[in-house]
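The structures considered in this document are given below.
The two complexes that follow have chain A in common; it is paired with chain B in the first and with chain C in the second.
Here is the complex of A and B:
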């Protein structure tokens, strides 16, 4: 594409000033690290896949309790490549949560949340909250028996959040009860409000991450590499690998659309939340009715909110980079994995 | 001297900065408040007493779930023909309960909660009895209304 004299002799290169862009990117250096350094980029790609496949699904989906599930069945069963596109949407969302959590976990273990990178951390936390919102609203849209149940139980647990619980409960349901308004509300947030907010925050997050690269990284003794070509080539390899995983899952592992919701039917026996809420759900399920004078479930939700606030406040709580934070993160991860495995048995 | 020259401009700059900040806040509030009020879900008006079927639609000694204002309501008809209606929403985590004719009780399949046919929580995690609704029969029609 480029002339060897570096004058940007290609047609496009001359018009976009490629030589100047390349010089900037080559001059900027990032730490040469392991795989974990590419998790943020992988998360970004998965979000883009969600947007792309979501826009396509939107062409046929009908946000109406009487038609939602049938429209999804039509997408999967009749529309050419509908099952593939819907599978990409469903699998990417799971992988998005996975890579987001992995990204956050490695940041904690590396201690990269510390000053002067607080803004990167907080914008990342805001992205995590919005992505949970996307997952919650997205799970409602198929309006299957499972979706209906998740809307009921998920919003009910939100009621136990201290101080804002009742408001959150009402807001998530789009009213006091899980009804057609819930679906309408979830639809608007899932396809418009939340994706727009996430997109804006991604730019902010990338901006903060970029700026802190210009300040003094804590581990500046680590070897570095130029952003172009070394870092971007590696990131492109990580993107390719992610894309291959998504497509393999989407082609070979069909995602069920369930049966249409009928609020008159009793809930399914042994219903489970999505995998990332398994540990939490299990703890709440086995909670005693009374815990330290409080309703057991309410107590545990409040405790989880406390943990969440501590995680957000990490840059303030751990200024120096104690090993304790990394150990606690490992213990938390292992506990969640064990509880999830136990909940499945 | 140069310090003296700059001195009067500093408060002026501060004032202008504050004015811009205050205006921006006012604009944000003027946009944000109506948007927040708009987004907040509206309370759903209750449709009042709801006709859920004819008496003969409900066999003696059975339970049937119907929708009242889009909410599941469990209607029980005893062997002597008496009607009772309960919100079919479990008081534990809000799963939908069902009537078991075999065991003559109301059961929540999610976490094995059990209620008597009087709606009283008798086993499992439910903390409270089911909410009861009022049933009336008029000219062969079964009507359910909020208590």
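Here is the complex of A and C:
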């Protein structure tokens, strides 16, 4: 595709102006860092895998309470490679949230959120919220007993959010109760509204990152490397490794489709939220009845919302990208991990 | 008189709870209808807002005697013309059936303990049987009947057993009922409701046969049918018992000491050879079915989705039901057809699993190749990046 000696280009290279692109990419330099530098790219690949596998699953999925679970069983059991595609979709979703959180965490620890990268940070925060929205709506679509409970419990917890709790509760359910409307709304958001918004935000995020590249405060003097070929070869290796991990999980670790939802059935014993909600769920579950004169659960959810707002406002609260923020991030991560582990016991 | 009911309005304001309660209960009862009113049972004059409404001359009955209750209820419920105007879906034969029942006969004989309409349906708070709160609702009938029939003290004058409810609760019927099976029989399914009578030896098969129609028809073709009748044995009950009906799978046909056949037959009798043959056929079919079910369960546990497995299991269960029914003929030859159906269902289930396993193996081989290619690509990219590093260190562009 491309000329390797810089003297000329292949047929395609001549038509896309490869020499100019290569010259630009070679002139641009990025900091030479460890694995964490590729988390953004890995997240992007996982999102693309989600879109690709999601489109294929969509060919057979039916967003109807009477048919949703049966259509998923058909996808997994009868459609050629349906189980692989569905597993890729389910595993990529978990890995996407994981890589997003890891990406955000490294940015906080490194202080890369500080001025002038506020817009990168905020667009990244919006992406995190939208991707969790994608995961939440996606978890409802199988319309299994677990999915039904998740829709009910998840939307019920939303009530505790200060000021907008009731509205959020109603919005997530698409009404007052978890019904066919909930599934219909979850489907619409999962396959159209949220992916469109995420795609637009990804472009915006990349634009902001590109405009303010390599202005990370604490490693300004770190060694650099050209984007092409050094960084891109590494990024391609990271993408390939991610792909291998996703495929290995999809092939060897089957994701359950559960049993069809039946609102008349009693709650599943030991039902748990997805791993990224475990800590949050556990805090609400063990909340005391009364805390500082307020309903315990409401107080704790309000406190967690406060922490969330502080995270969003981080570039304004910590203008230097201080080490204290990095330490707090480590403590927060450790607390979440411990709470999640405790919730599993 | 229609439309005016000063009884309820006046009694609702009384301070004595015993007098206020009935008015309160009435307004939520099935009898809340201006064509019935309090006067429907108590007589008197509901238009008179004074105690004059209670005049004995008007036929007022404050507390109907136990022996009067059925007649009062029957006054309306046996009146087809009245009932068709008030609730056309209601039957009208309850009073006649009750009068013929053991309960009705005892009550008519002056037995104050014998149940009458209000004992089961309630008094002022009578609810439609479809209401989950009604004591005669299907979900509550066993508690209602058991309330008296499990009471040893209450039943002692009649010298009847009091273990029916506890036995039924552990029976295949009681367990199915507890699981919510809408077809599981409860007390009145066999004994009737208003006609409550214990089925005797001659009629028990007809009680069972109302649901187990095929089994009864096949049983009547068996040598047991005539033999039981000759000896006055209750047909189904002789092997299955009545309230504590055990699952069919645990009724051992055969010659082992725990087998049901040994209750009547000695091991050296000719029928025991037949029993042994049937036991062998049943054992074989049961083992093959269990193996097929285990294969499907193993596939499911291994994360394999086997399309058609539910249908195959349904076919297997249907064939097993058919086999269990045909056992009533006691004819080993007639077991062959249902056993062949079981074997076909077993073969189908095993083929389904085998097909899915073969497909899984083929897919896995392809996946391994793809993963190896991806792994090699990763390695080559890694090597390329190391080479780039080396060239940078050496200053080569």
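Please note the rule applied: the second predicted complex is superposed on the first by the 333 of 345 C-alpha atoms of A that agree within 3 Å, B and C clash if a C-alpha of one lies under 4 Å from a C-alpha of the other, contacts with A are read in each partner's own complex, and residues count from 1 in each chain.
Assume a residue touches a chain if its C-beta (ideal position, glycine included) is under 8 Å from a C-beta of that chain, and two chains touch if they have at least 3 such contacts.
Treat the numbers as computed from the prediction; the structure is a model and nothing was measured.
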Three-chain arrangement built on chain A, chain B and chain C clash or fit: clash
Touched partner set for A:119, first chain B, second chain C, both or neither: neither
Chain B versus chain C as contact partner of A:84, first or second or both or neither: second
Partner touching more residues of chain A, whether chain B or chain C: B
Partner chain(s) touched by A:177 [first = chain B, second = chain C, both, neither]: first
Chain B versus chain C as contact partner of A:149, first or second or both or neither: first
Touching partner for A:73 - first (chain B), second (chain C), both, neither: second
Touching partner for A:236 - first (chain B), second (chain C), both, neither: second
Interface residues of chain A shared between complexes with chain B and chain C: none
Residues of chain A defined as touching chain B within the complex: 149, 152-153, 155-157, 170-171, 173-177, 179-181, 185, 263-271, 284-285, 289, 295, 297
Residues of chain C that touch chain A when the two form their complex: 303, 305-307, 363-364, 367, 370-371, 374-375, 377-378, 381-382, 384-385, 388-389, 392
Of chain B, residues touching chain A in the complex: 40-44, 65-67, 69-72, 88-90, 93-98, 107-111, 125, 127
Chain C partner contacts - residues on chain A that touch it in the complex: 73-74, 76-78, 81, 83-84, 225, 229-230, 233-234, 236-237, 240-241, 243-244, 247-248, 251, 254, 257
